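In the two complexes below, chain A is the common chain; its partner is chain B in one and chain C in the other.
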Partner chain A sequence: MNTRTRSFTPWYQRKRTRDIALVACFLLPSLAIFFLYRILPLLWNLVLSFEYWSPLKPAKFAGLDQYREIFLEDDVFWQSLTNSLAFVAAAPFAIALALGIALLVNSDLKGASVYRAIVFISYPLMSVAVGIIWKWLYDERGGIINYALRSAGLVTKPIPFLQSFDYALPSVIVAEVWQVIGFYMIILLTGLQSVPPHLYEAASVDGVPRWAQFWRITLPLLRSSLFLCAVIGILNSFTSFDLIYVMTGGGPGHATELLVTHIYKTGFGQTRFDYAAALTVVQFILLLALTWLANRAAGGNAGAHDTGRA
Partner chain B sequence: MATLELRRLEKSYGSTAVVRGVDLSVADNEFVVLVGPSGCGKSTILRMIAGLEEISSGEIRIDDLVVNERAPKDRDIAMVFQDYALYPHMTVADNMAFSLTYRGVARPEIARRLAEAAKVLDIDQLLHRYPRQLSGGQRQRVAMGRAIVRDPKLFLFDEPLSNLDAKLRVAMRTEIKRLRERVRTTTIYVTHDQVEAMTLADRIVILNGGLIEQIGTPEDVYERPATAFVASFIGAPPMNLLPCRVTANGGAAVVSVAGNQVPLPASSSLDLQRATSVGIRPEHFSWAAESALAQIESRAGVVELLGSDTLVAFTLGGHDVQARLPPRHVRKSGDIVRLTIAPENIHLFDAESRRIDI
Partner chain C sequence: MRTKPLSIVLRHGALVIVCFIMLVPFYWVIKTSITNENIYAYPPRLLPEAPHLFNYVDVWYFIPFARYLLNSVIVSAIAVAGNVVFNAMAAYALTKHFVGKQSVMLLFLSCMLVPFQATIIPAYLITAKLGLLNTYLGLALPLMSTIVCIFIYKAAFEAVPQSLIDAARVDGLKERQVILRILMPLSKPAVATNVILAFIWSWNAFLWPLIITREPIMQTLPLGLARFLSYLEDTTGALYAFAVMVLAPSIFVFLMAQKEFIRGLTSGATKG
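Right after this comes the complex of A and B.
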């Protein structure tokens, strides 16, 4: 009966067809933009990385030449990779710090919501603004950090934070951590608040000490939030271009060079778009691998809150 | 195994008093149910006993020791929560053993207790599952298992069955009753369900507005409700409460309800004239075979046939009344209702809605 009525309806009049058309209509604009600005450049970038190419000359196949140069001859690549990984390595400390703050503002501390707002406020700030603020803070002559250090008698002459090979990278990392910590805190706070309070009550009635409640209840239930932070931290570290660009421009020397700034400089500074494309592919694969690892460690669904309620 | 004593226990949040002076003594091994409508303070009392809520004033004694200032863990109690409060990331076995490892219980002893509790609760096959893989009833058992392995002085149950569906709730009620025969520990059980209270309790504490209305055995509170509130709270359908007047009619007292006269037992005193309302349970109406014998006559409103008996609603002087009658006497709305009441089944309450003994 059903099939018979169906066979009389032409395909373009069927409900299924209309549904698909409707869904397509809604998806198409964003898919088009996504394809045009993400997928297409990515593919073209991949092609470009296997070519010799400059705006004025026809392209020539280069095979793996660009990649050979990256791994065997480019010292700046290795330096910027190390710096990028140093940024990544700072993420766990930032997350631990954010967890501490989240635990504090989640307690019945007086004015917790005010602290929460203060800590979070750094995140929506533009990175450029953050970069400028910290540049002033670090300033050798007028910066408040040097002023405070000298007033406290901790140093005799000002520290050139952003001009020194030793201090530049840690200084930039501190600024980066400062900016992102509010965001970590909010994610972790949401995680903390989704833990049913009865679990802690049950544990304290049963005599589970506070530290064990933290290690055995809070941390396991925060797992997905923690890994979401880690994934965002990794992505952030690799792409904090604006902060570096404003604060140090990658210098002094290449002391604060990240892969992104290196890519930018080779591409737009030296107009070596082909080589920059190859660098981008390397960074892309690195990011993909790191994110995949983090997501796997999170049990495959970073960011999904598991409170165990079925 | 312990006694519990509450003395002038009070709790207020700011200027709002939630518990307003509660006195209660619970004997060793006794099963006491705190029951009352929501907001009556029953859960707050339980949480104060557990130490999860601070006491505004008064005293809590466990085994004659004041525990007001003791941390929950030092009170040697185990609590079962309404939403079970199982640790979602731990297996059933870990959930049950978790706290024991921090209480210095040796491993073989933990294993022994776990096996024993699992057997009692019939959850042996579930020990390696996670809470999300269990049904509501199974989670409930695990939550009880976690309390049992603790072997505490005192069990506290906070509405443990209210998250279950009706059928399962009845089954678990029986289960708890059976469990009670095997594990004898002093227990405080909070519920808003009077049926649960009646079926489980050694003694029932009926709370209303932060005060105790009555403490008594299930029979006591059903047969001799101390206040009109208890009378209407215990029993389903609830007791009918109607305004009345008691007059002495040549030696024997008579209650008049909306023009109908119902005699009271011969021995009744003149004190009964204080009564302002009369209470009659739906199940205490009897069918009057002929019109001449009827003490109350009316026409049926809504008639609910339950099979074993029939619930008949009718009005008496503008008040809704329900009667539970044997089947077949009243079949549909509009049928005539002729009823009698045995004098011993009449409850009288004064203007303060307190019971007047007949």
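Right after this comes the complex of A and C.
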């Protein structure tokens, strides 16, 4: 009744309704995709993880059985968790290295942009191909790494890097770092360029030595960029499926198994969707917890504003 | 200049070493791909002897390379088109004021926290329910809209002066025309970023195609590469020729549009 007093156009023709309809239509495709491939999977994972279910059997409530199996009976889970944490532990070294390169490239050095491009180029490449390249570099006969080590007289017999229980994980980590380091460098470079130069000038006038300037000015102002790098490092540690799949397939044994390859194998190798879903829930919670920790370490909501700027 | 020449030399030295490490893998794989004889001969030669391109020809005979390439191109094209159109629509909607805008934004931001790898099991089941296993649409669908790219568009649209849009309305342009004739042409860098990111993500995607394509005829290049590796590992340099051919488009795109590329990837950082 209100409608009639306000105007004579019916509700479906009014501008306000049309605007809302327009907004809804425009948001619909993206929202549908995110609902189907982000939100629904998250909820479905949670539901599946409390069930016994396979495509041919009706679901049965399982309580915490799947989780009990993960934590008490699944050695591969613990092994892949340790491996992921080893990946995480390597991230600070990679980030420090990237920071070093970024500092070198950030100056008015001639050809800095060429160096930058070369360091960055490995990042946007297909990880499957990168895995194949590195597998070849590590090869016992055709690989350049063994050849270099033998020519230098450091080893007498070739090292089977990817087949050895001791070397496989570090070898894969090196390949991963090689691919991602350029990206860390670019992020840190963006951070460095946003440090106001007058801070350094003022410090120089006050006679502050260069190393102290780095420690007191550069590092604190880079905090959000460093946090962003840490988050990417953590994410990669849990999710670099492609490299592992191609280089070692998780082997030898489970020496290079990550949670994501373990999930893939249980889900699609053994068709245990319910158990794989429970593993995914654990993985997701671990990721959130680690990201939160990194955020705390960086001091508050660092990184949030850094993502949109370039 | 304040900086001493010695320190400049040292800096160049350090960077040359870093670049050397970054480039050696490329050199080694290219060298292997044009090496004639047994690639497992020891000691390996540092320079290829009598380089030739037979391996590049072999690739076409060993595997259905053309088919993989076609599949990859189609999937990437769908993903790029989806990102350019859907993201622009969503971003335009987000520049308007409406009830529930805050919740939509919050929803988008929380979706960013969900890595794709944490969705594979249900995503597979959902795609199976939709009947999209082994189809191009199924391969491209999860990649057809990305939150980061929506925000890139949104920032670009918001930078367009409101007076321009109002003037266009006065001239009788409809919403669709406002987007197509005013906003998009003024947001070319955002469009470029969308195209580049969508291309790279779909071109490189491996885990998703691995899960949902069981038929070799629907597989994309990364899957072909992985299959090749497992079947023909010990025989030939063609595998490395294949790898070089697959990497070439990304390197080409990178060299052509370095600036957009780096900007896009830094703003798309959290997509992972």
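Criterion: the second predicted complex is superposed on the first by the 275 of 310 C-alpha atoms of A that agree within 3 Å, B and C clash if a C-alpha of one lies under 4 Å from a C-alpha of the other, contacts with A are read in each partner's own complex, and residues count from 1 in each chain.
Assume a residue touches a chain if its C-beta (ideal position, glycine included) is under 8 Å from a C-beta of that chain, and two chains touch if they have at least 3 such contacts.
This one's a predicted model, so the numbers in the text were calculated from it and none came from an experiment.
**Q** Identify the partner contact of A:Leu169: answer first if only chain B is touched, second if only chain C is, both if each is, neither if none is.
**A** A:Leu169: touches no partner chain.
**Q** By residue count, is chain A touched more by chain B or by chain C?
**A** C
**Q** Once the structures are superposed on A, label A:Val282 by its partner contacts, choosing first (chain B), second (chain C), both or neither.
**A** neither
**Q** Look at A:Val246 in the shared chain and tell me whether it touches chain B only, chain C only, both, or neither; answer first, second, both or neither.
**A** The second partner, chain C, only.
**Q** In the superposed arrangement, which partner chain does A:Leu235 touch: chain B (first), chain C (second), both, or neither?
**A** second
**Q** According to the stated criteria, A:Glu201 is in contact with first (chain B), second (chain C), both, or neither; which is it?
**A** In the superposed model, A:Glu201 contacts chain B only, not chain C.
**Q** Looking at A:Ala62 after the superposition, I want to know if it touches chain B, chain C, both of them or none. Which is it: first, second, both, neither?
**A** neither
**Q** Applying the touch criterion given at the start, work out whether A:Leu221 contacts chain B, chain C, both or neither, answering first, second, both or neither.
**A** In the superposed model, A:Leu221 contacts chain B only, not chain C.
**Q** Which chain A residues come up in both lists, the one for chain B and the one for chain C?
**A** Overlap of chain B and chain C footprints on chain A: residues 307-310.
**Q** Help me check something: in the complex, which residues belonging to chain A touch chain C?
**A** 19-20, 22-27, 29-31, 33-34, 36-42, 44-45, 48, 101, 104-105, 107, 109, 111, 115, 117-129, 132-137, 139, 141-144, 147, 150-151, 178, 182-183, 186-187, 190, 228, 231-232, 235-236, 238-239, 241-242, 245-246, 260, 263-264, 267-268, 273, 276-277, 280, 283-284, 287-288, 307-310
**Q** Using the touch definition from the top, list the residues of chain B that touch chain A in their complex.
**A** 50-52, 71-74, 77-79, 81, 83, 85-89, 98-99, 102-103, 130-133, 146, 150
**Q** Across the complex, what residues on chain A touch chain B?
**A** Contacts found on chain A: 196, 198-199, 201-209, 212, 216-217, 220-221, 306-310.
**Q** What part of chain C is in contact with chain A in the complex they form?
**A** That would be residues 3, 8, 11-12, 14-15, 18-19, 21-26, 28-29, 32, 39-44, 82, 85-87, 89-90, 92-94, 96, 98-99, 104, 107-108, 111, 113-126, 141-142, 144-145, 147-148, 150-151, 155, 175, 200, 203-204, 206-207, 210-211, 221-222, 225-226, 229, 239-240, 243, 246-247, 250-251, 254-255, 258, 261-267, 269-270, 272 of chain C.
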